[in-house]
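Next up: some structures, all given as structure tokens.
Next, two complexes with chain A in common: one pairs it with chain B, the other with chain C.
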Partner chain A sequence: MSRAAKEYKTITKVLKEGDEVYSQLIVGMEPKEDLTRWEALIRGPSGTPYEGCNFRLHLSLPQEYPMSPPYVKFEPYAMPHANVDFRTGEICLDILTKQHWSPAWDLLHVVQAIGQLLDEPVSSSPLNVDIANILKANDMNAYYGLVHYYIKS
Partner chain B sequence: MSGVLQAGLLKKDQRVKDTVLVKLLESLICSICHDLMFVPVMTQCGHNYCYDCLSSWFDSNSNELSCPQCRASISDPPSLNSVLQQWLVHIIELVGPDEDSEEFKTLLSAKESSEKSYRFDEKNDLFGGVFKTSAMGVVDEDDDGILRCSNCHWELEDDVGDTCPHCNSRIRSRMSQPRRGGFEDEEDEEDGDEDSETGSDMELEDDISRSLVHYRLRVRELADTLRRDRGHNDRQLFMQGTTAAGVPFYFPDYALYLSTDYSLSEEERSRRLRLVRNLESELEEDSPNSPGHGHTHSYFNPRTHNHQYEDDEVSEDTDHIDMDYDDDRDDMDDMDDDHAPRDDPEGGIIDLEAEVDEDEDEGSGRDSAESGHDSDYYERHDGGFVSGDSLDDAPVGEDALEDEEDEDQEDQEDQEEDNSDDSHDRQESSHRRKRFHVVLDSEDE
Partner chain C sequence: MHKSSSIIKAAVERNNPYRIYPESSLTGFALSTMEDGQKPQQLKDKSTVDSALLLPFADAPSIVQAHQKDDQIESTLSGKIEEVVKSLKGQLYLNEHPKEISIAVKLLYLSLTTLVGNRTLGEEYVDLIYINNRGNRLVQRYKKLLFILTYTLGPYLGSKILKRWSKSQEESEDHDEKKMSWKDITNTLLNVHMMIFYFKGAYYDIFKRVFGLRYAIGHKVEDEESKFRQTSSNSYKILGYFLLFQSVFKGVPAILQQLKSLLGQTSKSLSNLESEKHLKGGRDQSEIKGVPNDSQISHINLEDPSQLPFIPSASRNCILCLNEMTDPSCPPCGHLFCWACIMNWCKEREECPLCRQRCLRQQILPLR
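And now, the complex of A and B:
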């Protein structure tokens, strides 16, 4: 049985039974068509401007998975975040690069890491320069305002 | 001891036993394929994977072989973990007779093919030969600090490509530092300071050691110039100290000069300062016969060896010149206002009072640090250098100073040098007593 199939089993089990770590973050997660394309819906972590809103993630597994990392993107034009390209939804996260990926990680780990990124944006490696600059200036009002403007519209 | 655990576990209710069983089965799961490890191999960091999984991980990430779980760099081929393997075999044998499902048959055939592929590779090359055809670039900081091929120890220069020019191994990682991870961390912490000094620091150290020599020469030239320019009206101030091993150094010393070079960033300044201090202490530790010391000698005082014949006279002079440090300090306090600005050749030398303070700190630190040598010191002190004699000789020395004028400073330096060569023990004892035998060249007295 392929690794993706095993992950599918684990993920459905985790979501069904509820898990301390993941049920906070993951609203739903299921494969599309075959097991190489996945969609996940994650909850904005509390204590962030993303709280109260859900965000859609697209995951796709390369042929070599798990030796290569999955490609993960947010829905385009939906995620205002310092490390996310607003137009494409591309995510700047080290563990998603070939260099830093480890086959010991799975899709749940990846989604968890992205949830953490929402909590702690890294303004030093921005894909959204406007938000990163606001964060660097530590202007939390502007940060919340800008994120809310995008999310609500 | 195992009996206690066995009895204890057997007394537990079924739920606990089930948990133990589940945990045990989980430990047979490979974290790469999330399936049973039919051929478990263990890395040197203690993590287990299927042979096939780890092999294909190495294959896809062959530039830097690392453990998927802890990222420790892997230098040795992982070996078969036969205990884990036996566990799985036992469990399969226990379950086998009652199982007739398709799934179990699939499991058995998967086991068979995994073992087959391992046996095949074992006869040829395990892990696709990655540990044979490739080597790591390693640096032994304790040896020469040069990046070398871990197979043949050939030196790997920067422009070398991905293969070792000597043994043709592919270089899979160029590590600037010894491998970290696992239990080796402790070792690394011991020489933590050394670790941070990588190649660039060593280059810088060479640089600094050259400018240190240059600096000392410049200070000496400057002192000579000052002496000539100022004539005999002012008390001339120039100080020369000697380190424990008899190497002369000059005030303001180079470390202090560096610490006021504000063209460098603060970080860079403290880095250089640290290196200079290291160099200075190395110079001190060098024995007079070592090549390093000899080199410094000749650099400072090319005429040293021509002046050997002056030795007798010279020692007397030195004795009286080695005055107590505190006295010197009083003298200098009177004068630093008018001297300091003109002493400054490159805009870097700071005023003498500050110097003195810092020197004093250093000196006192050294004194206390060496108080352990006291008994030894007194013996040497009685037999060799006795400051009482020097008082008697003082007038002679003064005369000599006035007579020789421009020459005297250099002679004193030579004398210092000669002393250190010929009567090193004596020098050493005197320096234990007080580090700063300052030569105060005051022509007015």
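And now, the complex of A and C:
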């Protein structure tokens, strides 16, 4: 059985049984058409300006997966985050680059890492300069305000 | 007036040993001589076709050399274009359309060179020009256009059509066999084509043969050069013999089988038996003897609990393919993976996927 098919089995099992770690973060996750394209809906982590909202992720597996990392992005114009390009939804996360990827990770790990990124933005490698600047200034009110403004509009 | 409709006038190399002038094209020619190094003149009058003079046809080694140079330049160009596509459309698009992009690169390269009447960099490097199959005229532009279109789009569209066709045939019984033999037939055709190329050195690409785009050497060939070219063409003939043997042993049974399955629809029962024999014969001969094939190697599969029982059940799955390990193998750090999985990953990066310790492929040890 292919690796993607194995992962599909695990993911449905994990989500059905309500695994502690993942069910907090992941609302739903399933393949589209074939096993190379996936969609995941994740919950904004509590204690962040994203709390109370759900965000859609698009995952696409290259032919060489898991030897090459999956390509992951948020829905365009939906994720205001220091490390996410708002216009395209592209994510700057080191484990998703060819240099840092390890085939020992799977799609659940990837989604979890993205959840963690929502919790802890890295202002040193910004794709959204406005938000990164506010974070650098450590102005939490402005940070919440800007994120909420983006999400609502 | 286009270059393509004008006529080459050049010196005839009468002592050129491997240039064969078709009898018909020589009759009635008014031969004139030309100074060394003089460029071929281009006459504007179409009616002087018959009085045109001939350039020596190019030999196999120089054609191959030109093609290799062109391949090299195409790959540089494609690297640049991929960068542009990546910045415009993103990596995903690049991953999803590798074929389309390589076709676009070929189209671009040939349109900027061959189509507008220039030579490709490879042709310039070896000094080749296109002439028609009789060797007395330049190639018309419409033929170049047709060649470029079929050369770039032909195989791509062909495989798409074949795929669709075989999908619609899915319900009919023995489509698998048929699809296989269609592939065999195209392969055999290509082999025959390459064979003829190695023997005669005329058309390197099959579509150039179809449209009669032949190469000529763009300068006068001296005795010494022609001797050198002769010996190197001879070594290409050896390649031709190899291909000939290979095709005879491999391709012929496949063609017979295909013919039988086409004819056999009326008299099925008899031909089925025979074609099966042929198919089997073809397979046996194509196998290399002396090298153990996959089924002869004894694999260790951890699905079987009696294999390597000291590995605890929690550690019997490979983190890379997520299955029970086949031929468990370990890098210097001691983590276990399938042999195929870890070898495959270390091609990508020479480190353990779990602990990132350095791991060269020659350091990986299979457990026995």
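Keep in mind that, in the parts below, the second predicted complex is superposed on the first by the 153 of 153 C-alpha atoms of A that agree within 3 Å, B and C clash if a C-alpha of one lies under 4 Å from a C-alpha of the other, contacts with A are read in each partner's own complex, and residues count from 1 in each chain.
Just so it is clear, a residue touches a chain if its C-beta (ideal position, glycine included) is under 8 Å from a C-beta of that chain, and two chains touch if they have at least 3 such contacts.
None of these values were measured; they are calculated from a predicted model.
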| item | value |
| --- | --- |
| Combined model on chain A where chain B meets chain C, clash or fit | clash |
| Between chain B and chain C, more extensive residue contact with chain A | C |
| Touched partner set for A:Y71, first chain B, second chain C, both or neither | second |
| Which superposed partner A:Y22 touches (first chain B, second chain C, both, neither) | neither |
| First (chain B), second (chain C), both or neither touched by A:Y150 | neither |
| Chain B versus chain C as contact partner of A:S60, first or second or both or neither | second |
| First (chain B), second (chain C), both or neither touched by A:E90 | second |
| Chain B/chain C common contact set on chain A | 1, 3, 6-7, 10, 64, 66-68, 102-104, 106 |
| In the complex with chain A, residue positions of chain C that touch it | 90-92, 95, 319-323, 341, 344-345, 347-348, 353-354, 356 |
| Chain A to chain B touching residues, read off their complex | 1, 3, 6-7, 10, 64, 66-68, 102-104, 106 |
| Touch list for chain A against partner chain C, complex | 1, 3, 6-7, 10, 60, 62-64, 66-68, 71, 88, 90, 102-104, 106 |
| Touching residues on chain B, where the partner in the complex is chain A | 31-35, 53, 56-57, 60-61, 68-69, 71 |
